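Some structures are shown below for you to check.
Presented sequentially are two complexes of subunit A, the first with subunit B as partner and the second with subunit C.
Take a look at the complex of A and B:
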């Protein structure tokens, strides 16, 4: 112990230099983290004194059908939008990475614009696209002699509408990540493949896709978190999860718990529990992936 | 690990002591006849803030040595205020709440008791809004503006299809008139907009007209009542009659309805007129096509107004200069001069009834073809039945909205939707269901429709025979102690 203190004194200038991060982290990171952990065990409306309820909040969670409903909706929305978004993002990234394409910077910026557009503007535009009366989508359906769809007024379609909005908004972001991934693959692999007489298909399946795996995993993780804590899309498009609870996702549910119901204790408990589950799930997925990456693959190119 | 725990405790301790934002009740009341001087900071938003701003020169002139600063806050007012109240410092001297939010904050004991100074104004405000400002007989907030409802209609559309707005006296008349318009226009013009997500707003309006409640006088869940079922049956008829479009309220398409012929009328509160004037910015003072007639009643001769929206002003208990804060509230809200100045400046409709009795309300509004709409909205404002808004009103409202929009989006087939809502509210708010005895619901005088038919569509298939006297005893018991699981 004394040696530790002596070391502390001896290297104090260095500790001083790294202190700002730790101080900021303690105030803005660690303290809220621990405080909300504490909140998970109390009943608190934000203003009156807290009441210790022990595991009461956790027990309550098991019977909270709205929570399960919101998690189910979150999963469905995720399944609806992640695959098309990833495929589109990858396709666009491939396109932008192609040698023959001109005005790349322009396309790149154009595809990235949705990520930086204010949500108010997006809401306005999309409410006109999804309108059941005069919406663009229903107009197209009418031209094709198809029945019109209550995009935002029917419980079957509200999740689809949210998913379409999410795909539009976040494809560009994922595309940029994938473009970086593609550009990180050394051209030597492709040259070697050319020499070996590999076609486009083989280059894709044997070089590009395996080497893009870390990027895919990263994008997948971001999407998982994005889906779970998605808020503005639902808040503006379906007025907070309507009709009924058909598009109520986890982020929206959590917001309601805190700022409409003022159940800060229970909200912390729910947030903590789901965060822990997601954390464990991510660890398992990563572990699984690492094992797979580490295992030598016979007959595959590109393993440096 | 040990170190971490110690650090956690050290960090948590101040957090725990800081949350007692409530102040000793003996010092939180506003003093009577105290000298008025010093600074007053007010938090408010958009036109309401501008409206208060316009009052400050006169107030500062009348009370030498005071300085009023109106800070305009956006949507973050609630979180900022919450933080200030938790911390016990940093709150303004006067702040605005939506009238339905006020009960939550009143219940936390963080607002100053206005009873000593405000009791004398009790009868000068409509009961419907005053009730939300009090708790256990004490006054904690003063109503600012109210939102009496009426029916906005497009004169040219009504004239073209031969519909006389003066003959629309009940919701049945309204539906019949709507069917005429929809039929004669070939479906191009709908009578109103009523999307699934907007039903809850209209439900609250109709609930006042039928004399129903969400919570009874004892705070129990009373939403599964004959009155509420009647309100919902009107919504069902409105939607089934084919006169409504699904356009969601306040969206671009909805606003466009102000100036095209896609919709013939909007049942709405007095502030909708302001919204129209803003949205149709190019009308430049000339008369528009819009007229206003009174809200249709539930039954012939029933009440033709309801309250929708409005806000209140409060003084946080931590305020150091309560005398000056109160003086400003009193001037702004409890004088004809203050309220009428705001009515003229920003069209805030006064809750202070003496102001409603003045000639100012008889002035014609050029936007509505010179119609004196102020007088129309002020009619019977003191007769609006009050809804019991409890501290968990916003949460209850959220569940109501979820279940009613689910009901509407799935074809309005569930006859027991209010039973579902009641059980959900009971479970999630941990409150008892009110006994199925209409006598105990807190409107013994029955402002409207005292006789409720039990042969209404919602009653027939309902699992609870609410009005049958045999069931009041055992039936009531099994009703409250039965399984309260959510069926959704």
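Take a look at the complex of A and C:
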């Protein structure tokens, strides 16, 4: 016991140096996490006394059409933008990784610079570009003899507009992640494939794509969370999910529930439930993939 | 610099191939197509920023002109005078600078300190467990803790203060992880041992030995924190209440009228908000990209 105490004293600097994190986490992480769990079982507007409602909030979720609408919108927006974004990001990464490409620094900067821009500003620029009668995008469509589109005024197109904005903003980010993934693949695989006379197609399908799977999965997870909790894009571009509720995603819905409707109890319940579902889904996906990632590597080495 | 470069790559590979073999000429065509495609994409990706820049210098009628005005002539500065009349962009700029600078400074200090501790005291009791705990906190989505965090700020009387914007996000698991990795790989144990023999205290070692070596890692983390903090809209919207405290993103958001959106003024303010970040990015590009890739490796 005394040695343990002596150890603690000997390493007091260590504990001192990491203490700020734990103090801040206790106040702005752990306490909110527990308090939020408690709030999930009460009805509270932040002013009047709390009412214990037990599982009432959870029951209410099942009948909350707007919640399901927002989750549905989130899924549709995700399906609209994730595939094109991933394909673009992968193509860019593949090109930037090629030895023959010149002006790499310029291309990388141009494709990546959207990721540092303030969303509130960019969403306003896009609302100019998307403007129905005077926007540049409809002007270009007219030049191509295509009908003009109510990008932000029609319920069918608002999700597409949000998706375009997200693709513009996040492709560069995924490109960099994929570039790092590509550079992590040992050149020996490709050299061995060259010896065997494998073509570009075989190198892509047998070496690159399988070895990139962890990167793809990481990008996919980031996109899933990003779409779910997206806020600035919807808040500004479609004025909080409009027209109607056509582009209302989960993050925007949750924000309204918390800071416009002040339903602190119910909002906590919804946030908790969705976070837990996402967490479990992530665990399951990772579990399934871990075995698959490990297995084919050996087989491929043998073949190549 | 950007404009003169864009046209070059697309034309260069199109010059006739010297090689006679069809295979080599096919590769040339493929590469030329790749340059054309990449250049078109690069132009599309830069376009919104270009549009922001030129729209800031347009008159209101030019902003909605059909066909669009690609380059206003003469440049109008009316949007900026209107912005200065309607809002106080200088004050917002100062608020944004104070909040971002405070946030970057505090993050760099606390994360590097904790990173040093986790990198160089592996034998301290509980080290492994504590570090695992730190990494585990990365899994908590901020949406779950948003309301209670706000309530904590109310209790602390921090609503509408700089502290509310700086302190809650000051030290995160990613920053500690990032600094730990770098310190473990780049600061030799011998150097620390030598400093200790010379009678340097642990904090002195951190300050005089560790910090100078880890400057590149600090730059990467700093620029990431700067971008997150400068662009923050949601948290600022929740905790900042009065005009004199507003940051640039809030000012811009609130300038949108209920009926009419004053785009000219918004583009002028938007340019002021965007330019510092784009410049910071162009200077620290390399470090920033290194930081992002490190985030992926943790998986």
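One rule holds in what follows: the second predicted complex is superposed on the first by the 269 of 304 C-alpha atoms of A that agree within 3 Å, B and C clash if a C-alpha of one lies under 4 Å from a C-alpha of the other, contacts with A are read in each partner's own complex, and residues count from 1 in each chain.
Operating definition for what follows: a residue touches a chain if its C-beta (ideal position, glycine included) is under 8 Å from a C-beta of that chain, and two chains touch if they have at least 3 such contacts.
The shown structure was predicted, so the numbers you read here are calculated from the model rather than taken from an experiment.
*Asks:* Putting subunit B and subunit C on the same copy of subunit A, do they fit or clash?
*Replies:* clash
*Asks:* As a test of reading the superposition: which chain, subunit B or subunit C, is in touch with more residues of subunit A?
*Replies:* With both complexes superposed on chain A, more residues of subunit A are touched by C.
*Asks:* Please work out whether A:68 is in contact with subunit B alone, subunit C alone, both, or neither, and reply first, second, both or neither.
*Replies:* Neither partner.
*Asks:* Please indicate which partner A:52 is in contact with in the superposed arrangement: first for subunit B, second for subunit C, both, or neither.
*Replies:* neither
*Asks:* Looking at the overlay, does A:275 come into contact with subunit B only (first), subunit C only (second), both, or neither?
*Replies:* second
*Asks:* Answer with first, second, both or neither: which of subunit B and subunit C does A:181 touch in the superposed model?
*Replies:* Once the two structures are laid over each other on A, A:181 reaches subunit C alone.
*Asks:* After lining up the shared chain so the two structures overlap, which partner does A:243 touch, if you call subunit B first and subunit C second: first, second, both or neither?
*Replies:* In the superposition, A:243 contacts subunit B only.
*Asks:* Looking at the overlay, does A:109 come into contact with subunit B only (first), subunit C only (second), both, or neither?
*Replies:* Only subunit C is touched by A:109; subunit B is not.
*Asks:* Answer with first, second, both or neither: which of subunit B and subunit C does A:168 touch in the superposed model?
*Replies:* So A:168 only meets subunit C here.
*Asks:* If you stack the two complexes on chain A, which partner ends up touching A:288: first (subunit B), second (subunit C), both, or neither?
*Replies:* Touch status of A:288: no partner.
*Asks:* If you stack the two complexes on chain A, which partner ends up touching A:153: first (subunit B), second (subunit C), both, or neither?
*Replies:* So A:153 only meets subunit B here.
*Asks:* Report which listed segment of subunit C has C-alpha atoms clashing with subunit B; options: 151-159, 187-195, 205-213 or 277-285.
*Replies:* 151-159
*Asks:* After overlaying the two complexes on chain A, where does the subunit B footprint on subunit A coincide with the subunit C footprint?
*Replies:* 31, 35, 46, 124, 127-128, 131, 133-134, 259
*Asks:* Enumerate the contact residues on subunit B facing subunit A in the complex.
*Replies:* 7-8, 11-12, 15-16, 19-22, 78-79, 82, 85-86, 104-105, 108-110, 195-197, 245-248, 251-253, 262, 392, 394-395, 398, 401-403, 405-410, 428, 486, 488
*Asks:* Any idea which subunit A residues touch subunit B in the complex?
*Replies:* Within the complex, subunit A touches subunit B at residues 26, 30-31, 34-35, 38, 44-50, 65-66, 69, 124, 127-128, 131-134, 150, 152-155, 238-239, 241-246, 248, 256, 259-262.
*Asks:* Taking the complex as given, what residues does subunit C use to touch subunit A?
*Replies:* Going by the criterion above, the answer is residues 2, 5-6, 8-9, 12, 31, 34, 38, 41-42, 45-46, 48-49, 51-52, 55, 63-68, 110, 113-114, 116-118, 121, 123-125, 127, 130, 134, 137, 139-149, 151-152, 167-171, 176, 202-203, 206, 227, 230-231, 233-234, 237-238, 248-249, 252-253, 256, 261, 263, 266-267, 269-270, 273-274, 277-278, 280-282, 285, 288-289, 292-293, 296-297, 299.
*Asks:* How about subunit A: which of its residues touch subunit C in the complex?
*Replies:* Going through subunit A, the ones touching subunit C are 4, 7-8, 11, 13-15, 17-18, 20-21, 24-25, 27-29, 31-33, 35-36, 39, 46, 88, 92, 95, 98, 100-103, 105-114, 116-122, 124-129, 131, 133-134, 136, 139, 168, 171-173, 176-177, 179-181, 214-215, 218, 225, 229, 231-232, 235-236, 251, 254-255, 258-259, 264, 267-268, 271-272, 275, 278-279.
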